[in-house]
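The letters A, B, C and D name the chains in turn, as written, and every chain counts its residues from 1.
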Amino acid sequence: MKPGERDIIIRTVCRLLVPFVQLFGLYVIMHGHSSPGGGFQGGVIIASSFILLAMGDGYDEVKRRFSLGALTATTSAGVLLYAGLGVVCLMLGANYLDYAALPVSAARSVGMLLIEIAVGITVTAAIISIFHDLVTFE
Amino acid sequence: MSSNQSALPVIIVLTPLLISFVLPVLGWWRRAAVFPTALAALAVSFGASLAAAHRVSTHGPIRYYMGGWEPPWGIELHIDGLSALMLLLIGFVTVMVGVYSKRSVLREIPSREVPFYSVYLLLVGGLAGLVSTADMFNLYVFLEIVSLTSYALVSIGGGPAVVSAFRYVILGTVGAAFYLLSVAYLYSVTGTLNMADLATILPALYDSNAVLVGFAFFVIGMSIKMALFPMHAWLPGAYSNAPSAVSALIAGTTTKVAAYVLIRVMFFVFEPSFSIEQIPVTALLAWMGAIAMVLGSVMAIAQTNLKRMLAYSSVAQIGYIVLGVGLANTAGFTGSVLHLVNHAVMKGGLFLVAGAIVYQTGTRDIRQFARLSVTMPWTAAAFTTFAFAMIGIPPTGGFFSKLYLILGAIDAGQWVFVFVIVLSSVLALTYLMNVIRYMYFATPASPAPPADLRKPEPGQPLPASMLVPMLVTAVGIVLLGLFNGEIVARFIDPVIPASLVR
Amino acid sequence: MRYLHLVVTTLTGLLLIVGSLGMPATGDPDSPPSSHVSPRYIEQGYKETAVPNMVTFVLADYRSFDTLGEVTVIFTGAMAVLLILRGARSEAEE
Amino acid sequence: MADLADLIGQFNNVTYVVLMMIGFYAMTGKRNLVKKLVGMNIFQWSIILFVVSLSAKRDATIPIVLEGDGGGALPALEAAQYVNPLPQVLMLTAIVVGVAITGVALALLLRIYKRYGTLEEDQLLERIRLTG
């Protein structure tokens, strides 16, 4: 096997595993309300699936599937969603991040779900972004 | 709900953070809009700090319950006179450095404008959150935001800056981890993280080993963070290799905020009697401060690199602040807080001047400064003003804070500290007058061009965006001196712990 | 000087052990952390928030400002690494 | 001997202090920057381990309400039933902080290696003195 060429078994196994890892990550984020888990844990799991893919196919292959600008924008979007939710609460007349003010039923629960999703988005994107910067620097 | 609730703390903390989240997207869309937006965020935060300071001085401390949960279950933001003063300081320094950084930093890293300002605003948000929070763990989170951004900003200086930044990472993490350890130890015997709640529970536990060790680790951790003498190893490299604007920022805010945390926890979470009588931390701190004052100044005299000289001078000035804390009486406390503010402004200003000199001449070597008074008259004048403040010549701010410290030392009956303050001022006179002598009176000895730094285009005057912040800061240090009575009466006197008054 | 770090390490460890002697024993249900602030979370939290996972509701509701700080830290990490590495190749480094 | 009994009652503290000393020794004693970073991580994680152990409570279960998920009346909960969730929450945040710091430190190490070609402290100081 030439250097730079990757083993077919490793490639196939990594590719096969990735969707399951991502699905599990989503489950961990969405199910954080009633089982161990939450935004950070799920976000790291999803980000690790990208790293797994990079280990199998090489990072150049993975890099082709997303744009760098979109990655940075996603990182921002998560924190903005979080901080913005707080601002919405502030505008509804409650204290910052007081979800009870949200005009939905079970407002606290919904607010927390939104926050977990926001954390998940940011952590996923931020870890991929850090990984990208570390790997592509030369 | 307490009487003085206001959303001002949220505006102060959240504006820089929110804008820093928006900046990457904004920079992707339109690069030119990044700098004005960042500056606007800084200005809004500073404006809100002014409003908060006014409100604090007229209505008393502002409290804000995050998420509507009352402490100790939720997180409380609490702005009293001391926090308000720190917020004003942070706002002033960051706006000035923000204006200044546009030309000076971006000449070195033109393509990294977006992450630079994003990180800059994160630093400002972290600092504001750190001084306004009333929760020990929340303070740790903001401390780490501040540290992370400082590491990144130091590392962009080019050359050996990355090595200095790595050393800063290692030592800074030890400091923060010690802080976390102390919070954990206090939590293990009190079960709470809220500062006011801790202050009511702790007095019954002052004999507990966990409290004593937790306190010791707190003091060590914060000493590392603010580079008190034996733990200052990270500071000279970080200050002298970082871009000058960043040096000004870190000298003016990051280390000062660590000193603020020391004061806050020593005198407001613990009772002053604990650190004075239970374990003689204050006496130890006073002596360490005194040693730092002398050795820092001596090291500064030995330097020929202007920024390195200023860095060692910072080690000495931190000694003044710690000495005031260690004296543990009213005048010492006032002098310490006042010197914290004064030193942040004057050392920040001095680094701005150093940056301007490097920008124009490309050299940091003091011996090459001949005729600067002719080529850069305003810069030389600003340097002279800051130098007078450092030495302690009235009417600049430095005079009054040193006066309070001397009064505190006399109150404590410690004449040796009076002597050390005077000695350190004389040493400061020596190294600063040396620079002024080269600037005003020396003739160029060797026309050898400096080879170490990028040569600027000759004949260009200093950009106004760099000159104006420098001059405003110089005016600021004089105003701090003229209005020191006002500052003390409005912000410092109301917060002096009752058991400290002699 | 060579063994200074060993001495410092040992001293730190000893100090921490001495400090931990003042703490309540591990798992003591009456220790201050178990009896002062946290009972409110366990007893009232489910009623107040309708979320069964206590870690989640303390993280995302009672102490949500901490979590905002946490997300800000990871965002800061991404931005800091970006500032340190991306574009550093073309500038400054020769 | 009361002290020894105390110490046995706090086996968690002994464990974390040993880990912390390993990390601290690596940070201060090792001359290789990567080893320093590894030591820093061990140091941070030992503290996390310690704080999580503070949440332990005898005869208590994980802090997740298990009964009453089917709606209807909310069950009455007693503090003794569940372990303390607060330290776990705090350490979740501390873990994130640790990850971010490790990322930044690795980025700095990459830059150092690119410029000086070494991560051994002695050689590094030598090369800084030569090239600035």
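Here is the rule we use: a contact is a pair of C-beta atoms (placed from the backbone, for glycine too) under 8 Å apart; a residue touches a chain by one contact, two chains touch by 3 or more.
If you're wondering where the values come from, they're calculated on a predicted model, not measured in any experiment.
Path length between subunit A and subunit D in the chain contact graph, taken as the least number of steps between touching chains: 1. Farthest chain from subunit B, judged by C-alpha centroids: A.
A count of contacting C-beta pairs for C-D and for A-C identifies C-D as the more extensively joined pair. Rounded to a whole number, the gap between the C-alpha centres of subunit C and subunit D is 8 angstrom. A straight line joining the Cα centres of subunit A and subunit C is 21 Å long.
Taking each chain's centre as the average of its CA atoms, subunit B and subunit D sit 28 Å apart. Chain geometry summary: the mean Cα position of subunit B and that of subunit C are 25 Å apart.
Residues of subunit A in contact with two or more other chains: 34-36, 38, 40, 72, 75-76, 79, 83, 86, 96-97, 99, 123, 127, 130, 133-134, 137-138. Residues of subunit D in contact with two or more other chains: 24, 54, 64, 69, 87, 90, 92-93, 96-97, 99-101, 103-104, 107-108, 110-111, 114-115.
Shared contact sites, meaning residues of subunit C that touch two or more other chains, fall at 16, 20-21, 23, 33-35, 37-38, 41, 52-53, 55, 59, 61, 63-67, 69-70, 72-78, 80-82, 84-86, 88, 93.
Viewed as a network of touching protein chains, the structure reduces to a complete graph with every chain in contact with every other. By the touch rule above, subunit A contacts subunit C in their complex via residues 32-38, 40, 72, 75-76, 78-79, 82-83, 86, 96-97, 99, 106, 108-109, 111-112, 115-116, 118-119, 122-123, 125-127, 129-130, 133-134, 137-138. By the touch criterion given at the top, residues 34-36, 38, 40, 123, 127, 130, 133-134, 137-138 of subunit A touch subunit D in their complex.
For subunit A in complex with subunit B, the residues that touch the partner chain are 69, 72-73, 75-76, 79-80, 83-84, 86-87, 90, 94-100.
On the side of subunit B, the complex with subunit D involves touching residues 137, 140-141, 144, 147-148, 151-152, 155, 159-160, 162-163, 165-166, 169-170, 173-174, 177, 180-181, 184, 187-188, 193, 452.
Looking at the complex, you find that subunit D touches subunit C at residues 3, 6-7, 9-14, 17-18, 20-21, 24-25, 28-29, 53-60, 63-66, 69, 74-75, 77-82, 84-90, 92-93, 96-97, 99-101, 103-104, 107-108, 110-111, 114-115.
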